[in-house]
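Each in structure tokens, the structures are laid out below.
Below, subunit A partners subunit B and then partners subunit C, in two separate complexes.
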Partner chain A sequence: MIKVLAACGAGVNSSHQIKDAIESEFKNRGYNLHCDAVMIKDVNEEMLSQYDIFAQIAKTDFGFEVKTPIVDAGPILYRMPAMAKPVYDKIEAIIKEKGLN
Partner chain B sequence: MSAESNLFFEDTVFVCDRTTQEEVFTEIANKLSLKNYVAPAFLENIIEREKGYPTGMDMSVVDPELPSFAVPHTEVEFVHTRRIVPVKLTTPVEWHSMIDPSQTFPVSFLFMILNDDKEAQVGILAKIMDFVNALGTDRVKELFSMTDAKAIYQFLVDNFPAD
Partner chain C sequence: MDAVIGFANAVFQPLIDLGAAPMMTIVLTVIALLFKVKFTKALEGGLKLGIAITGIGAIINILTTAFSSAMTTFVESTGLQLTVTDVGWAPLATITWGSPYTLYFLMVLVIVNIVMIVLAKTNTIDVDIFDVWHLAFVGLACIYFGANIVVATLLVVFVGVMKIMNSDLMKPTFNDLLGAPEENPMTTTHMNYMMNPLAMLLNKIIDKVLPFLDKYDFDAAKLNNMIGFWGSKFAIGIYLGVFVGLLSHQTPQQICTLAFTAATCLELFSMIGSWFIAAVEPLSQGISDFANNSKWLQGRTLNVGLDWPFIAGRAEIWAAANILAPVMLGEALLLANVPFPFSPTGTWNGLLPLGGIIAMGLTPALLVVTRGRVIRMVVIGAVLLPVFLGAGTLVADFVTFTAKTVGAFPDGVTGLISQTTMEGPVEKFLAFFVGKATTGDVAMIIATVVAIVVYVALFAWYRKQMIARNIEYAKQDKCTLSPLTTGKFTEEDLKAAKEAESAKANA
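Let's turn to the complex of A and B:
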């Protein structure tokens, strides 16, 4: 299973919208993908290391080097397919590049 | 559609003439606190959260003519109800972008999201975005230019998809 982490300030609303959208899109694309939504203040190096992809809303300085591939997922929030597609395509490219599926 | 069937309630639609973000939050949080819709720590939390993780939605990336807005919200523990609180700002207030916090733009309308149920709150932001996108630029401008709380409430009850 591909594991994606989405995070936002309150751990609700924005991150949950991204979680729902990514899970729905990748089910349609035929992938077994699970996305967790958390509060960004709870994200640490150990947590991130357990995920294949980090779907961030805004650029975030955690104070440590993020080794998990990062995708800027903010455009998904607009609920416009044309804006979301490049985000999904980038996630799919990482999945293929890393042989995650 | 009855008020109970959607996310808007007549007693929590506000028109605010404050001119800074902190003043706006203070006025609205005090009104919500008096009705016990939020916890005493709501104000402090929403101010701090907005500084760290801003909630402005820059709609110019969708349509240059589409007015931008913001969706302030806190963690569930500071809220005792589930609703969207519309706030018309009679003086546009500079807001930082959720997606690129280094960017700011003037905002004249807030959809403040209150939700005390973490499991149920999935989708409120999506509903707001779908509503704005479906409404179209002219009608969004019409809504955001309204300065009467009752008219704003009626517009939303008439046009916002049922919860």
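Let's turn to the complex of A and C:
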């Protein structure tokens, strides 16, 4: 299973929108993908290392080097399918490149 | 008129009598259907809202029941009148969405947004439907304090217009903070940025009086890493449960119960908050589709108004919030016995910080105003937190009343609930003044006029400051000129300014 992490201010709104959108899209694309949504304040190096992809809303400064592949998932929040598609395509490209499926 | 009211009562009273959860299930489903959401999605959202309202009521019950006797002893033993439980944002959001008026205010604000776009008074389309509750809360509070629906609507529109104007003003700063190109469409109409004018005023004072503060700035991300889980919700619940338990002379077993109950409730509030957001999601998408497909908006390149956390990746927000948490606790204790006749406790602050102790309703505004200077954020935040405590206490009666109305407050439990750091504290004071003024109280009418004049004047001054900032961005080619972001500054002005700077550099 592909594990994706989304994070936002309270871990309940924007990150959940991203989680729902990514899970729904990748189910349609035939992937077994799970996305967790958390409060960005609670993300640490150990937590992030357990995920295959970090779907950030915008540039994030954790104070440590992020080794997990990062995708800018902010456009999902615009609620316009055409703007969200490149985000999904980027995730799919990482999945294929890393052989995650 | 009587016939209309009679007809409305005949239609809606049976619905209201069902209780808040089933009523809002039906109302949200119907409204979503009106926006052409598929029936199953609309019903799913409606049911989730009903479940969220029921769930939040259950958690408030657990928290207030566990803490009510300890808080009574706490007040007796410390002499501090902290009788209002700080339940954080999720219960207040759910309670607010439990009122049909919130859907009414949502419709009003969608119309206001579209009209402003059509009239070229904004370039932002707000898709953050969920956070409309902040302004709906102001409208509901205004009605609670005495206003009729027309006056409350006017107040909501008045603040709503400023919020949308602010989203355009802040846009270049967001690009700067995110290191994003100008094509980035992300901005926000979130209520917490309505603290910008006051924060900007204090920032200017620091420029004059304490300019050396910036020398002591530090790496915010490193501080956050050091704090780790000690600043998480459940850890804060444990600390405050132990704090209340010790000061109210509870037994070790009772202290442990308080600590674990508080920690559990803070985690569950967030979890149920996510159900509630999922409930509103089909309606949010329906409204966004409606706006995006609207013929009035075709051909416009618009910015997108999101919830505030697209900026949450900036470590300064959390560093400032972590430092301000104990500061707020200290201020809450200091202000507990300061008299304030208008509040339900008779004091400026009646809240012991718990669910709202991480000041997310404030620190994003501090980031925008100071552009990430942490020490300034902390200093300004410390000065502004009492405004939040005062507003949270002022509306405690209203919050508790509304919670009872939607069945989210346990029977037989005394005391009040509210939130320490809810977005828009100044607007809550406005709601109070406007509501009371509507009842004809002359002193309140005068106070309302003064409050609105000061509010508008401060916003106008803030707008001027932001325009000056945006012109600086334009000189660095980080912002396109527009009346909404750079005011009357023209292309010729920009060219002349660039030439002058170039000449100065060459000299």
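Criterion: the second predicted complex is superposed on the first by the 101 of 101 C-alpha atoms of A that agree within 3 Å, B and C clash if a C-alpha of one lies under 4 Å from a C-alpha of the other, contacts with A are read in each partner's own complex, and residues count from 1 in each chain.
Everything that follows uses one rule, which is that a residue touches a chain if its C-beta (ideal position, glycine included) is under 8 Å from a C-beta of that chain, and two chains touch if they have at least 3 such contacts.
Predicted model only: the values in this text are computed from it and were never measured.
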Subunit B and subunit C placed together on subunit A: clash or fit? clash
Original post:
Is A:F64 in contact with subunit B, with subunit C, with both, or with neither (first, second, both, neither)?
Top reply: second
Practice prompt. Mind working out whether A:G74 is in touch with subunit B, subunit C, both or neither, as first, second, both or neither?
Written response: both
Larger residue footprint on subunit A, choosing between subunit B and subunit C, goes to C
Contacts for A:A93 in the overlay, against subunit B (first) and subunit C (second): which applies, first, second, both or neither? neither
- Now for A:N13: first (subunit B), second (subunit C), both, or neither, which partner does it touch? both
Inset, instruction - Using the touch definition from the top, say if A:I40 reaches subunit B (first), subunit C (second), both or neither. - result: both
Which of 73-81, 199-207, 235-243 or 289-297 hits subunit B? In subunit C, it is stretch 289-297
Subunit A residues where the subunit B and subunit C footprints coincide 8-14, 16-17, 20, 39-40, 57-59, 74, 77-80
Touching subunit A in the complex, subunit B uses residues 49, 52-53, 55, 57, 61-62, 71, 73-76, 97-101, 113, 115, 118, 121-126, 129-130, 133
In the complex, subunit A touches subunit C at residues 7-17, 20, 37, 39-42, 44, 56-64, 74, 77-80
So, in the complex, the side of subunit C touching subunit A is made of residues 89-90, 127, 130-131, 178-180, 185-186, 219-222, 224-225, 228-229, 231-233, 270, 273-274, 277-278, 281, 284-285, 288-289, 292, 304, 306-315, 318, 321, 358, 360, 364
The subunit A residues in contact with subunit B across the complex are 8-14, 16-17, 20, 39-40, 57-59, 72, 74-75, 77-80, 83
